[in-house]
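Below, chain A partners chain B and then partners chain C, in two separate complexes.
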Partner chain A sequence: MRVADNINAALHSVLAGDERAYLIGEDLLDPYGGAFKVARGLSTRFPDRVLSTPISESAMTGVAAGLALAGDTAIVEYMFADFLTLGFDPLVNFAAKSVTMYGTRLPMRLIVRCPSGGGRGYGPTHSQTLTKHLIGVPGLAVFEMSPFRDAAEVFAEMLALAQPCVFVEDKILYTRRMHAVPHPFTASVRDGVAYVGTGEPPDLVLVAPGGTAGRAVAALHRLLIEDEIAGLLVVPSRLYPVSLDLPPVPHVVVAEDGTAGGTWGAEVAQHVHARHFADLAAPVTLVHAAGAVIPAAPHLEREVLVTAGTIYDAMVRTVRG
Partner chain B sequence: MLPALVDAPDQVRADRAAMLLIRHFETALLDLFARGELSGTTHTCLGQEHVPVAVSGLLGPDDHVLSNHRGHGHYLARFDDPEGLLAEIMGRAGAVCHGVGGSQHIHRPGYLSTGVQGESLPVAAGLALHLRRHRPGALACVYIGDGSWGEGAVYEALNLAALWHLPLLVVVEHNGIAQSTPTGQAMAGTVAGRAAAFGLAHTRITGTDPAAIRAGLAPLVARVRAGEPLIAEFHVPRLGPHSKGDDTRPAEQVAALPDWYPALAAAAPELDRAQRDRVARVVADVSARPPAEWTDR
Partner chain C sequence: MAEIAVPKLNTNDDSYVLLAWLAPDGQAVPAGAPVAEVETSKAVEELTAAAGGVLRHRAAAGADITPGQVIALVDDLAAGPVEAPAPPPAGGPTITAPALARMAELGISAERVAALGRPIVRRADIDALTGAAPAPTASTASTVDTVDTASIVDTVDTVETVDTADTVDALGGPSAGLSRNQRAVARTVARSAATIPAAYTAMTVDVGAALERAPRLTREARRPVGLAELFVAAIGSAHATHPMCFARLDDDGVTLHPAGAAHVGVTVDLGEGLYVPVVRDADTATIGAIARTLTRHRVAAAGGTFRQADLDGANITLTLHLDAHVSLAVPIVFPGQTCAVAVTAPRPELYLDGDGRPATRTVTQVGLAYDHRVINGREAARFLTALAQTVKEP
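And now, the complex of A and B:
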């Protein structure tokens, strides 16, 4: 099953299982089914609860917040994560704050889904990963789709939190197969965190969000074959707040899309330094996209984005010192 | 025009009592600020008290009110709870929101205010969508000012309200000035023209008699409940500063603004005194309370 189909199935199950659940966004109606087809079939099956809006990110997010305040379940689909900037006020200033700013905790079942990341040649305003801008907002949690976890499980976790959650979905990931890892790696899940390794005690831990998982696994595979270094990939579904329990290893690398500066990776590094300092031989290494806008032309885009090669090089540098 | 003693004297007395309560409450707040007993900021609705008093009389228990930064009158007209509101503003025990929200961020079942201009309209559209399905006949009533029309979220929400036939009542308190900027320097065209652009019903209200206002609004509000959104634009004076001590208008310009209060105080001196005394007792009571505690985070 492809990742997009897995998310689609999860949306079907949320709307089928909760008669107060809505999906709200742009161009959702069949036969179009959303720009990345993740909403396919939903408007036909739930015509009253799939609301295709005008091009109005602020309003669609505010409407979802109103529904969530009234006790409904609201899932918002952004066409591109870049457009979160247009819905930042209703999300950050209103929905997230409403959980606590009225003095008594108000449950808000609200998920904002955002197709993120580059690799498709969409250029500077349609390729970003905005995770860093969502870190540390009271009342807001950040999750990311991973090929190693059923989206339905992650949706259930987000809804159980009863607070607004952003769900990052990497656009390249949509077409990838769920649960696929190359031999000799296997994937397992514990407490909402996926671990991909060989089963041997690792020399290095690579922490990465779901969207970079494919590149991360490719980099680890090369590290094992070419350098005989065993790495363990750790992919948390909930990015923030950060909570990770790592095996004792001397080297930790964090790879993420997005530019350096005030990042999720820095939060992970701080967390790892505080919890695992005694085990580390060196500070945590951060891997980010280049500090540039994301170009449209494929060869230029490759120069900017995090690739399997970038991650591999960083891991080798980290281990070899 | 005063609330007239016509055929429903209890209602008239209730309207007068509510308008006077709000007036004395707001005046007391400015007084508390001047004495250094309030922190932060507050926005009084002096001159606009009749709007929520009129509108609240058209609302039922299932209706949802969304208020803004200038919302004390909206709250008091809906709940007659000056103790809870003052405690919220002063951060004292018994505060509606335990002192977390303060003047601009109040929530009770069926009522919510937020301090960001235009932010509440899409939320109101969402609540109206919910009400249409689960409480047919109920509406979402959102108060905004003339200054709110500078915000894009207002237009996105009005477009949705019209497209989706939402039971949404938009009450515009058009007081002619946004903080320090006269409307003429901030709004091209008119509110009526904006309503027309979306195909939305619009009505303009200039009086201050709640009963007369309700009589005119009632049939339009009945249509809102059936899914025809309405923009009810009240032309009102802002008799006080934007927040406190920040009025840049010449004193004689403010003094020349119409005010319902002197005539009503002369017509109903006992009620006026009773409400003034009530507010004084609330101020004394709340001022003596311990600080609010925030436990349910």
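And now, the complex of A and C:
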């Protein structure tokens, strides 16, 4: 099953299992089914609860937050995560604060789904990973789709939190297969965190969000084949708040797709330094996209974004010192 | 025996899904028959057998497949069935590059290594197998690429690995192979240099009026019209008066074949390799038609989705060097052609007007590389003058 189909199935199960659940966004109705076809079939099955909106992330997020405030379940689909900036006000100033600012905790079942990341030649304003701007907002949790976890489980976790959640979906995953890892790696899941390794005690841990996971596995495979270094990939579904339980290793690398500066990776590094300092031989290494706008031309885009080669080089540098 | 390889179907995906086989393994199929359905993220395409014969599947329905991958063989019926090599056994151990190098050094077979029963075989395991003292882990060149991971990860990166990693040359330095596209470029330019005694003439051309006209033409054509389109049109309109510039000289160096129409090859390089697609019948095409053709070619260049027909049949070439500040470019003359026109980036220039007063204008350097066996400097200058005048006042 492809990742897009897995998310589609998860949306079907949320709307089927909760009569007060809505899906809200641009061009969601069949036969179009959303910009990446993730909403396919939903408007036909749930015609009253799939709402196609005008082109305004601010409006659709505001409507969804209002539904959540009134006790409904609202899932918003953005066409591109870049437009989080337009939905930032209702999300941060209204939805996230509503959980606590009325004196007693108010459940807010709101999920904002954001097709994120580059690699498809969409250029500077349709390829960004803006996750770092969502870190540290009280009442707002950040999750990311991973090919190693069923989206239905992750949706259930987010809705159980009863607070606004942003769900980052790397566009490059949509056509990838769920649960695929190359031999001799295997994937397992514990407490909402996926671990991809060879079963041996690792020399290095690579922490990456789901969107980067494919590139991370390729880099680990090359590290094993060319350098005989065993690495363990750790992919948490919940990015923020950060909570990671790592095996004792001397080297930790974090690979994320956004630009450097105030990032999720820095948050992970701080978390790892605080808990695993005694085990570490060196500080946590961060891998980011270049600090530049993302070009549309594929060969230039590759120079800016995080690739398997970037991650591999960083891991070799970290281990070799 | 023919191969059925996966074409590059779009720019978005680096792998597709082999949705279904339309003809079963072992069935005889005629040439042109659809044999497989391939799903991209946006569409389902049918792949056809280029030649008739017995279809031999080399990938399973439902598998991830990548552009260029051979998914089937077609055995020639006349030649009788050909026993294709068995696919590599699945489930063998992962052998690291240092371990492979040590195996080669010590002459250890893959079977012996597989018999270890380990999922991962490292260099130390090979040493243990022979009782050999562990050798110092000198930097051994990798002979393993990571193509087998391509189905689940970014092929972009695996391609990178294949391109750069694989060999160490005799002097010990790293070496890398030319890309397929660049190998084709290399063959063409080497043949040109070996067979065509080329000369070069350049002229400064005022393109101010043309650039002022371009936005209006763009609106009318609803496609970008710029120097490329205007020069294709100018070259086309010079065909009637300068037929020798479009002629083909035989390998005998004597027989000339004039061209009945102007088919202009135009260089397109969007970073994914150099292509020279053709604008046909540029002598009669409207500027709108030329703009539509070039737009289609640019899209194809970005995705590498040219059909061979797009690239064949030019009898003159326009090479574009429009990157800012490029002032001179000397193109090669393509084998089988007589002329190549080079257009460089426009730039402002100070000049003296008719009354001797200083004024500014926008100019570009337009060069003509030509086969000196066919035409001489006088014809080159006249051809360039014709281009300059057409571009100024079509």
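Here is the rule we go by: the second predicted complex is superposed on the first by the 321 of 321 C-alpha atoms of A that agree within 3 Å, B and C clash if a C-alpha of one lies under 4 Å from a C-alpha of the other, contacts with A are read in each partner's own complex, and residues count from 1 in each chain.
In the analysis below, a residue touches a chain if its C-beta (ideal position, glycine included) is under 8 Å from a C-beta of that chain, and two chains touch if they have at least 3 such contacts.
Only a predicted model underlies this, so the values are computations on that prediction, with no experimental measurement involved.
Trainee: For the three-chain model obtained by superposing on chain A, do chain B and chain C clash or fit?
Mentor: When both complexes are placed onto chain A, chain B and chain C end up side by side without any clash.
Trainee: Just checking: does A:Pro184 make contact with chain B only, chain C only, both, or neither of them? Give me first, second, both or neither.
Mentor: Touch status of A:Pro184: second partner only.
Trainee: Return first, second, both or neither, reflecting whether A:His251 touches chain B, chain C, both chains, or no partner chain.
Mentor: neither
Trainee: Which holds for A:His126: it touches chain B only (first), chain C only (second), both, or neither?
Mentor: The answer is neither, since A:His126 touches no partner chain.
Trainee: By the touch definition at the top of the document, which applies to A:Arg40: first (chain B), second (chain C), both, or neither?
Mentor: neither
Trainee: Counting only touches as set out at the top, which of chain B and chain C does A:Asp89 meet: first, second, both, neither?
Mentor: first
Trainee: After lining up the shared chain so the two structures overlap, which partner does A:Gly309 touch, if you call chain B first and chain C second: first, second, both or neither?
Mentor: Only chain C; A:Gly309 stays clear of chain B.
Trainee: With both complexes overlaid on chain A, does A:Gly214 touch chain B (first), chain C (second), both or neither?
Mentor: In the superposition, A:Gly214 contacts chain C only.
Trainee: First (chain B), second (chain C), both or neither: which does A:Leu300 touch?
Mentor: After superposition on chain A, A:Leu300 lies in contact with chain C alone.
Trainee: Using only CA atoms and the superposition described at the top, report the least gap between chain B and chain C in Å.
Mentor: Between chain B and chain C, the minimum C-alpha distance equals 31 Å.
Trainee: Determine where on chain A the residues touched by chain B overlap those touched by chain C, and list them.
Mentor: The overlap between the chain B and chain C interfaces on chain A is empty, containing no residue.
Trainee: Under the touch definition given earlier, write down the residues of chain A that touch chain B in their complex.
Mentor: Interface residues on the chain A side: 48, 51, 53-54, 56, 58-72, 74, 89-90, 93-94, 98, 100-106.
Trainee: Of all residues in chain B, which touch chain A in the complex?
Mentor: 64, 95-101, 105-107, 112, 114, 116, 119, 121-131, 133-134, 140, 152-153, 156-157, 159-160, 163-164, 292, 294, 296-297
Trainee: Inside the complex, what are the residues of chain C that reach chain A?
Mentor: 11-13, 15, 17, 40-41, 64, 91, 93-94, 96-99, 119-120, 122-123, 142, 144, 146, 148-149, 151-154, 156-158, 160-161, 270-272, 302
Trainee: Per the contact definition, I'd like the list of chain A residues that touch chain C in the complex.
Mentor: These residues of chain A touch chain C: 2, 4, 119-121, 172, 174-177, 180-184, 198-200, 214-215, 217-219, 221-222, 224-226, 228, 297-300, 302, 307-309.
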